[in-house]
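Each in C-alpha cells, the structures are laid out below.
First chain A sits with chain B, and in the next complex the same chain sits with chain C.
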Partner chain A sequence: MRKQELSTIKLPSEEEIREFQLKQRRWRKVAMIYLVLLLVSILTIGPFFFGLLSSLKDNPLEWPPKLSVNQLKPANWIAAFRLSKAGCGKGFFGEFAPGAIIPFQVTYQVPAGKEPVTPQVVVPKRVPGTAGAALLIEHYAADYSRVSEVQEVKREILADGSVRVTYAFTIHHTGDVVCDRLPMDITVPLGQQFVSATLDPNRPNERLGRVQSWNNLTAGVIPYIFYNYHRVFSENYSRTTGKNLFSSWIKNSFVLCFARVLTNLLFASMAGFALARLKFRGKNTIFLLMLFSMMIPGQVTFISNYLVLRDGVFGLSKLFGVNTLLNSYSGLIVSGLVSASSVFIMKQFFEGLPESLEEAARIDGASSYQILFRIFFPLAKPALGALTILTFQGVWNEFFWPLVVLTSPQDRFTLTIGLLSFRRMYGVAFDWGPILAGSVISALPLVVLFVVFQRYFVEGISFTGVKG
Partner chain B sequence: MKKSFFAVCFGLLLMVAMFSTVSAANVQVRISGWGGSDQPIIEEMLRLYVTPAMAKEGITVLYEPIADDFQRYIVNALSANTAPDLFYMDIFWAQSLIQAGQVEPLDNYIAKSKILKKEDFIPSLLDAFSYQGKVYGIPKDFNTLALFYNKDLFDLAGVAYPDENDTWDTLAKKLEAVSKLDGVYGLALQPEFARMGAFTYAAGFKTFDQNGKSNLFHPGFKAAFEWYTGLAKTRAGVMPADLGQSWGGGAFGTEEVAACIEGAWVIGHLKDQAPNLNYGTTFLPKDPSTGKRGNLIFCVAWGMNKDSKNKQAAFKVLEQLTSPEVQQWILERGLALPSRVALADNPYFKQNNREAQANYIVFRGASEGNVVPFSFGEYGGRWMDPINEALRAVMSGEMSVEEGLREAQYRLDQEMQR
Partner chain C sequence: MRRSLKEKTAPYVLLSPYLFMLIVFFGYAFIRCFYFSFTEYDLFSPPRWVGFKNYLNLVKDFQFGLALKNSLQFAVIVTSLQTILALLLAVILNQKIKGIRFFRAVYYMPSITSSAVVTLIFMWLFQKKGLINYLLTLAKTGYRIIAVFFGLFVLCQAFLVIGEKIKKRPVSLFEPSFLFLSVVVSFMATFILVKTGIVTMAEGIPPVETVWLNTKKMWPQNNRIFGISYPLGSIMLLNTWTTAPTFMLLYLAGLQDIPKELYEAAAVDGATKFKTFWYVVRPQLSNITFLVVTMGLISTLQMFDQVAIIGDQAPLDSVITLAYYVYINAFPSSVSPKIGMASAAAVFLGFLTLLIVLIQKKVVREGEGVEL
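For the complex of A and B:
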C-alpha cells in the first residue's frame, strides 16, 4: 500500500526545485519592496491622517490618542440630527430657536449600597476663551431657557449590585430670540458615574467626573461632526470689512495661484521658445544669467526685492499713482511673474521638438508668434501640465514672501499666513482644534491635486532633471 | 523670487493695467500690534471708540495686526522706514528699541495733554517703559503672576485653601498634603525663570547688581531656587512636561495638579477647555525670611515711531487708545487687564465670579511687594536661558542645586562678557 502511494507521487526534478526557490526569492523581494513602500506611505500620509482625526476630536491633544472619536459615531450623528430638529426644525445646521423643546436622557451608575442622586441640569452662560468668538455672541441661551424637572425613567440593577438609572428632562426655549448655541452642564455627586446620554458629552469628566458638559446640543449634524471646521469659518471675520476671513484667505490663495500659473505658463513658454529656437545676439549670455539667478539663494535677494516693491518697482509705478506695491496682490504677482526654473523646463522641452516642424511652418509664412502659439503650444501639453502643477503647488505653499509683502488688512492674507495668525489666535489659549482644522483644509487642495494629477508630478520631476 | 530681467519689464506693463489705487487725502495714522486674540479686541475697540472720536479731527486710523514674530517685524520695519506710527512694545524687548533711538519720547506730548497724565497709570508699569527719566511708552494692559488652585482637590484632601497669608513653607505643606490624593500632584512647576523669578525677587534678589552683574549665588536667589526645585522632589510639585503637558495651565485644566502659577492668560484657556473647573486665585506666597512677595510684570505699551510723519495726530490716537472709557470697556469684557490706577476700585472686580476675582488678584499683583518687569536689559531672553536650563536639570535630578547654580553662573558670566 505504502509503496504504491509513494510511486504515484512524482518527485520534483532538480530544475523544478531551483525554479521554485527562484520564485520564492522573487516573491520575498516583492513583499519586501511592498512592505517598504507601505511603511513609507504610512509615514508620509500618517501625520495628515492623524491631524485629520485629531481635528474632529473634542480634545485634539488627547493622550494617549484614541481612534474612537465621538464625532465619528453614527449614533451621535442621529442624536445630533434629532436634537437640532427639535431645536429649530432643521437637522444639518441648527440653532436654538423660540418654541423649541429639546428632549434629553442621561444614564448614571452608582456602586452597590449607594442611593442614586437626581442630577442637576443647567444651561450655563458660557463665553468662549478666544476673544474673537467671545465678542461674537449676542444672545446667551442661558437667558432664554428653562429646564424641566428631571425625572427618573428607568432603573436597572446590575449583577454586581450597582444600579443604573436613566433620567429624562426637556429644555424649553422661553424667549423670542434665536440663540446660536445651547450649552449644557449636568452635575452629580462624586462617585456617581456617567454611563451614556442621548448625545455624548464634549467633556465627560470635568471636576473628577462630577460634571458632564456639552458645547452645543442643537448644533446640527455638520457643525457637530466638524465642530472645529465650523468654528474656523464662523468665528473668523474681519471687524473692519465684515468679510469672512477664512473664506477670503482661501479665495486669495486660489486667485494668486491662478494668476501666477497663468503668467508663468505664458512667460515661461515665450522665454523658453526664444531661448530654444530663435537666434539673436546675447542669447547665451541671457541664458547664463538666468542659470546664475537660479543659483542665488532667495534669501540674498529678499531685501532688494522688498525695497523694489516698497518703492513701486524702482519708483516707476509712482507715475501711475501707485505709491507702493507692498500689501497688494499685484506686488506678489509682479515679483513672481515667471521663475527661471520654469523657463528652463520650457526651453528644454522646445529644444526636443523636431526642427522640421518649425521649418515647415516658416515656409508656409508663419511668424514666430504663430509658430509658438499655434504649433508648439499644443504640442507642449505635457510640459505645460507639469509646469502648471508645480507652480500651483509652489505658490499655494509659499509662505515667507507673502508674509513679508502682505501685512494688512487681514482679509488680504493668503491661506498660509492666515494659518499663522490662527496659531496666534487660538494657540495662546492652547485651543488646537481650529488650527488643526485650518491646516487640514489648507492641505486638501494639494492632496486632491496630487491624487488626480500624480502622473504630471512625476513628469514634472523628470523634466527638471537632465534631459536631451 | 528668482526672476529674469524681462519678467520685470513685462511686470511693469502688466501693472499699469492693474492699478487704480489713490491715496487718502486726510491724515492717516497707522497702528500695529500682534494678531491673534488681541486683534478682535483692538478692532472692536477702534470701531466703538477710536474711529468715531478721530473722525471729528480728520484722522483715520489704520490698524495692521502682524501675524508673525512681531518683534522681528517692528525692528525690520523701523529700519526699512515702513514702520507704523504707533506700535506695541513688549516689556521684554522695549528697552533695546528705545536705546537704539527709534522710539519717540512722550514727555512733551503728555505735558500738553488733557487726557493722558502720568499719575493715572500704575507706576511700576510706566517705570518699565521709562529710560533715563523719559517716558517712551504708555502701557495698554499687563499681567502678573498669581496662584491658581483647584478648590475641589483641596476640599477632597481636607486641606485649607492657599491664601494670601501663606509663606513658602506653609504653602509647601498644603501642597504636600493635597498631593496625597490619588493621581494628583501639588504645584505645576515650569522650569522657567518666568515663574521662579517671582520668588527670587521676593527674597531680595536683584537682576543686576551695582556693577551690572548678575549674582546667582545671592542668598535670595539661592533660597528661592532651592525652594522651587525642592518641591519637585516630592509630589508637592511636578514639571508639566512629566505629565505630557506643555505648560502649567494645561496640567491645571486636566486636574492633574492642584495649583499652578500663571497670569490671567490661563483664564481664557480654562474657559475653553475646562469651563466648570472650580478654581480660586490668590497671591503668590511670601518669602518667610523677608515677609515679602515678589512678582513679575508682563506688560505691553504703545510706543511712537520716532520717524513718524504725523506725530501730533499719532499722539491724539494714543490718547484715545489708552483713554479711561476704552480701558473700562476692555476690563468689563474681561478681555485683558488695563493699566490705569483708578480701575482698582472698579465694580467689575467686585463681582462674585472666579474670573473677575482672578483678574483682580492679577491686577493687584502689580502693586504688592517686589514687583519687577519681565525684562533683562540688553541681554533679552539670553539672560534666562542658563537659569532655565539649570532649573530643568536640577528638577529632573541631573544636577544638585549647587552644581546647577554654578553651571548657570558660569554660562551667564560668559554671556555678559560678550
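For the complex of A and C:
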C-alpha cells in the first residue's frame, strides 16, 4: 500500500526546481528592496513620528525615551472620562464644578516586613505651566475642596512577602465656584512603591518616588490626551489684547499665505507670459536681472527693504492713512507681491505651450491681454497648481523676512516667529511639551496639503529644476 | 493706431507688478546696500560717508572671521553630503514596485515642513537627555549584540555566495535575494542568542550625556581652523536631512529620463551594477548634479534660520554664520544698529556666493570636458 503511494508521487523535474528557485529568488529580492526602503523611511520620518508621539507625553525628555505613552492607553481614556463626568457631568471637556464628588483609588506596594502607611492626599495650589498662565486662574481648587479620609480597601500579600495595599478616597467640592482644574499630590514614605491608580499620574516619581502628582484629575478626555496641545492654546494670551496668541498666529499665517498665493498667481502669470511670449525692448535685461536676483542672498536687500517698509514705500502708504508698514501684514504682502522664482516657473511653462495657439488668436484680432487671460491662463492649470503649492509652502515656512518685519506686539507674529518665541519661553525651562505640540500643529497644514496634492509638490520641484 | 499702442505697452503693463518688485525691492535695495556699506548709519540719523572703513573693520573683526569660517565649512560639507545623500535616496527610490509612491512621499517629508519646526524637533532630539544620546547609549551597551548580528550576517552572506560559486553560477557579492535571507537568518539567530542569555548587554556603562548644542567643543579637538563645532555639526546634520529630499526629486526625475537601452547595453557588455552606475548613469546626471550643487551652495551660504532659532541655546561663536552676522549687526539686541558693518558683510556674502557659483561652474564644466 505504502510502496504504491510513494511510486505514484511524481518527482519534480530539474527544470521545475530551477523555476521554483528563480521565483523564490525574485520574491526575496523584492522583499530586500522593501526592507531597505522601510529602513530608510525610519530615518526620514522617524524624527517626526517620535516628535508626534512625544508631543503627547507629560515629559518629552523622559529618560529612557519610551514609545508607550500614558495618554494613548484606553484605560486612561476611560478613567479620564469617568473622573471628568464626576467633576462636572461632562466627559470630554471637564472642570471641577460645585457639588462634585471625585472617587479615586491608588495602590502601593510595601516590601516584606514593613507596615504600609496610609498615604497623604493633598490638592495643591499649583500654577500650571509658565508664570504667565497664573494670571488667568481665577479660582484654585485647593481653596474649594476637601479630601475625605483615606481608607484601605484591599490588601494582597505577594509570593515574596511584600504587601500590596489599595486605598480609596473621594475629593469633594465644597464651594460654589467652578475651578478649571483639580490637581492632586499623594505623598508616601520612602520605599512604599507606587503600583497603579485610577488614572496614571503625570509625574509618578517626584522626590525619589515619594510623591505622585497629577496635573488635573477632571481634565476630560480631550485635554487629558492632548495635554500639551491644550497648553499651547490655553497658556498663551496677548498682554495687550487678551486674545489667544497661538490661534492669532495660525490665523495670521493663513491670511498671509492666502494673499500671497493670490498675488503671486496673478502677477507671475502676467510677467511670465510677457517674458515668454511677447517681444519688447529690454526683455533680455529683465530676464538676466531676474536670474541675478535669484542668486543674491536676502541679507543683501533686507536693510533697504526694511527702510522702505518703515517709511511706507516712499511715503506712498500715507495716501491710505498708514504711516509705516512695519509690523503689518500689508507690509509683508506688498514686499512679497510676486517672487522671481514664481515668474520663472510661469515663464518656463508658457514657453512650452505650442506657438499655434497664439497665432490663431492673433489672426482673429485678439489682444495680448485676451490671449493671456482667455487662452493661456485656463491652460496653465498644472503650473498654477504647482505654483500655489510652492508659494503656500514657501510663505508658510518663511522665517527671515517676517522676523525682521514683525517684532511687536506678539499677536502679530506668524507661526514660525511664534514658534521661536515658544522656544525662548518654554525652552529655558526644558519644558518641551508645548514646543513640540506647537511644532506639530504648525506642520499639520503642510502635511495635509502634501498628502492631498503630492503630484503638485513633485511637479513644482521639477519646474524649478528645468533651468539647469 | 490706438490698438497698436495698447499692444506696444502690453508687455510693460503685464510686467509692471514684477518690475515694481524688481526695481524697489531688489535693484534699489541692492544699490543702497552698496551705499550703506561705505557709511556709518544707525537707521535713524542720516548716513555718514566713511569710505572703506567698514570693510577694514570687517577684516579686523574676530567674529566676522568665525562667521566666514563657519559659513564656508557649512556650505562645503552640507552641499557634498546632501548631494551624495540625494543621489543615494533617488537610486533607492528608482524601483518599479508597488507602493513606491508612498515611499516617495515618506522620503520627501523632511523637506516640506518649515525650518522652525524641524529645528525645534532637532533641538529636542539633541538635548542632553534626548533621543540621540539615548541611541548612542544603546549602541554602547548593546555593542556585542550588534557585533554578533553583523558577524552572522557577513558569514551567512559569504556562505550563500560561496555555495553558489561552487555550483559555478554567476553571482554578485551583494546578491539581493541572498542579502534578504542573510538578514532574516542572522536576525533570528541573534534574537535567540539574546533571549537565551548567551549574548548580553554590556553592564556598568554610564549613559552618554554629550552636550550637543550648548558647548564650545570642537571635532577634531583643538583644531581651530578645520575643527567643526558640535552645535554647527548638529545643524549640518539637520540641514542635510531636510534639503536632501528636495534634490532627491531632481535626481529621481533625471534617473527616470535615462533611456532603458543604455542599461541594456551595459548589461550586454557584462558591466557590474557599480560600473553601470559609474560609467553610464553618472555622466547622464551631470547636468542635474551641476544644478543641485549650485542650488545647494547658494542656499547653504545663506543659512540663517537654524542659527536664529537655536539662538542663545548655543554659544554665538560656534554657530554664527555670515547671514546671522549681518542680522545681528543690523538688529543687535542691546547696542545701536551698525548698518554700515552689516551692509559690508552682506555685500561680501553676495560676492562670495557669486564667486563660489562661478568657480563651481568653471570646475564642473571643465571636468566634463576632460571626461568627454
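The rule is simple: the second predicted complex is superposed on the first by the 423 of 468 C-alpha atoms of A that agree within 3 Å, B and C clash if a C-alpha of one lies under 4 Å from a C-alpha of the other, contacts with A are read in each partner's own complex, and residues count from 1 in each chain.
Methods note: contacts are C-beta pairs under 8 Å (C-beta built on N, C-alpha and C of every residue); 3 or more make two chains touch, one makes a residue touch a chain.
Only a predicted model underlies this, so the values are computations on that prediction, with no experimental measurement involved.
Undergrad: Kindly say whether there is room for both chain B and chain C on chain A in the superposition, answering fit or clash.
TA: Chain B and chain C clash in the superposed model.
Undergrad: Quick one: is A:Trp63 in contact with chain B, with chain C, with both, or with neither? Answer first, second, both or neither.
TA: The answer is both, since A:Trp63 touches chain B and chain C.
Undergrad: Who does A:Pro409 touch here: chain B (first), chain C (second), both, or neither?
TA: Touch status of A:Pro409: first partner only.
Undergrad: Considering only the touch criterion stated at the top, classify A:Lys114 as touching first (chain B), second (chain C), both, or neither.
TA: Once the two structures are laid over each other on A, A:Lys114 reaches no partner at all.
Undergrad: With the two structures laid over each other on chain A, which partner does A:Gln454 touch: chain B (first), chain C (second), both, or neither?
TA: A:Gln454: touches chain C, not chain B.
Undergrad: In the superposed arrangement, which partner chain does A:Arg18 touch: chain B (first), chain C (second), both, or neither?
TA: neither
Undergrad: Just to be sure I read the superposition right, which of the two partners does A:Arg424 touch: chain B = first, chain C = second, or both, or neither?
TA: A:Arg424: touches chain B and chain C.
Undergrad: Once the shared chain is lined up, is A:Thr301 touching chain B (first), chain C (second), both, or neither of them?
TA: both
Undergrad: Quick one: classify A:Trp396 as touching chain B (first), chain C (second), both or neither.
TA: Second partner only.
Undergrad: By residue count, which of the two partners contacts chain A more extensively, chain B or chain C?
TA: C
Undergrad: So, A:Phe267: does it touch chain B (first), chain C (second), both, or neither?
TA: Both partners, chain B and chain C.
Undergrad: Just one of 255-263, 291-299, 327-335 or 363-371 in chain C hits chain B in the overlay; which is it?
TA: 327-335
Undergrad: Determine where on chain A the residues touched by chain B overlap those touched by chain C, and list them.
TA: Chain A residues touching both partners: 61, 63, 263, 267, 271, 286, 289-290, 293, 296, 298, 301-302, 305-307, 313, 335, 337-340, 343, 403, 420, 423-424, 427, 430.
Undergrad: Which residues of chain A touch chain B in the complex?
TA: 59, 61, 63, 124, 126-132, 134-135, 185, 190, 203, 206-208, 210-211, 213, 238-240, 263, 267, 271, 286, 289-290, 293-294, 296, 298, 301-302, 305-307, 310, 313, 316-317, 320-323, 325-326, 328, 330, 333-341, 343, 401, 403, 407-410, 413, 417-418, 420-421, 423-425, 427-431
Undergrad: So in the complex, the part of chain C that touches chain A is made up of which residues?
TA: Spelled out, the residues of chain C in touch with chain A are 3, 6-8, 10-12, 14-15, 17-22, 24-30, 32-33, 36, 43, 89, 92-93, 95, 97, 101, 103-110, 112-118, 120-125, 127, 129-131, 134, 176-181, 183, 207, 241, 245-246, 249-250, 253, 287-288, 290-291, 298, 301-302, 304-305, 308-309, 311, 313, 322-323, 326-327, 330-331, 339, 342-343, 345-347, 349-350, 353-354, 357.
Undergrad: Quick one: in the complex, what on chain A touches chain C?
TA: 24-37, 40-41, 43-45, 47-48, 50-51, 54, 60-65, 263, 267-268, 270-271, 273-275, 278-280, 283, 286, 289-290, 293, 295-308, 313, 335, 337-340, 343, 367-369, 372, 393, 396-397, 399-400, 403-404, 415-416, 419-420, 422-424, 427, 430, 432, 435-436, 439, 442-443, 446-447, 450-451, 454, 457-458, 461-462, 465, 467-468
Undergrad: Once bound in the complex, which stretches of chain B touch chain A?
TA: 1-8, 10-12, 14-16, 18-23, 32, 34-41, 43-44, 46-47, 62-68, 73, 80, 82, 152, 156, 244, 246-247, 249-250, 255, 265, 267-278, 333-335
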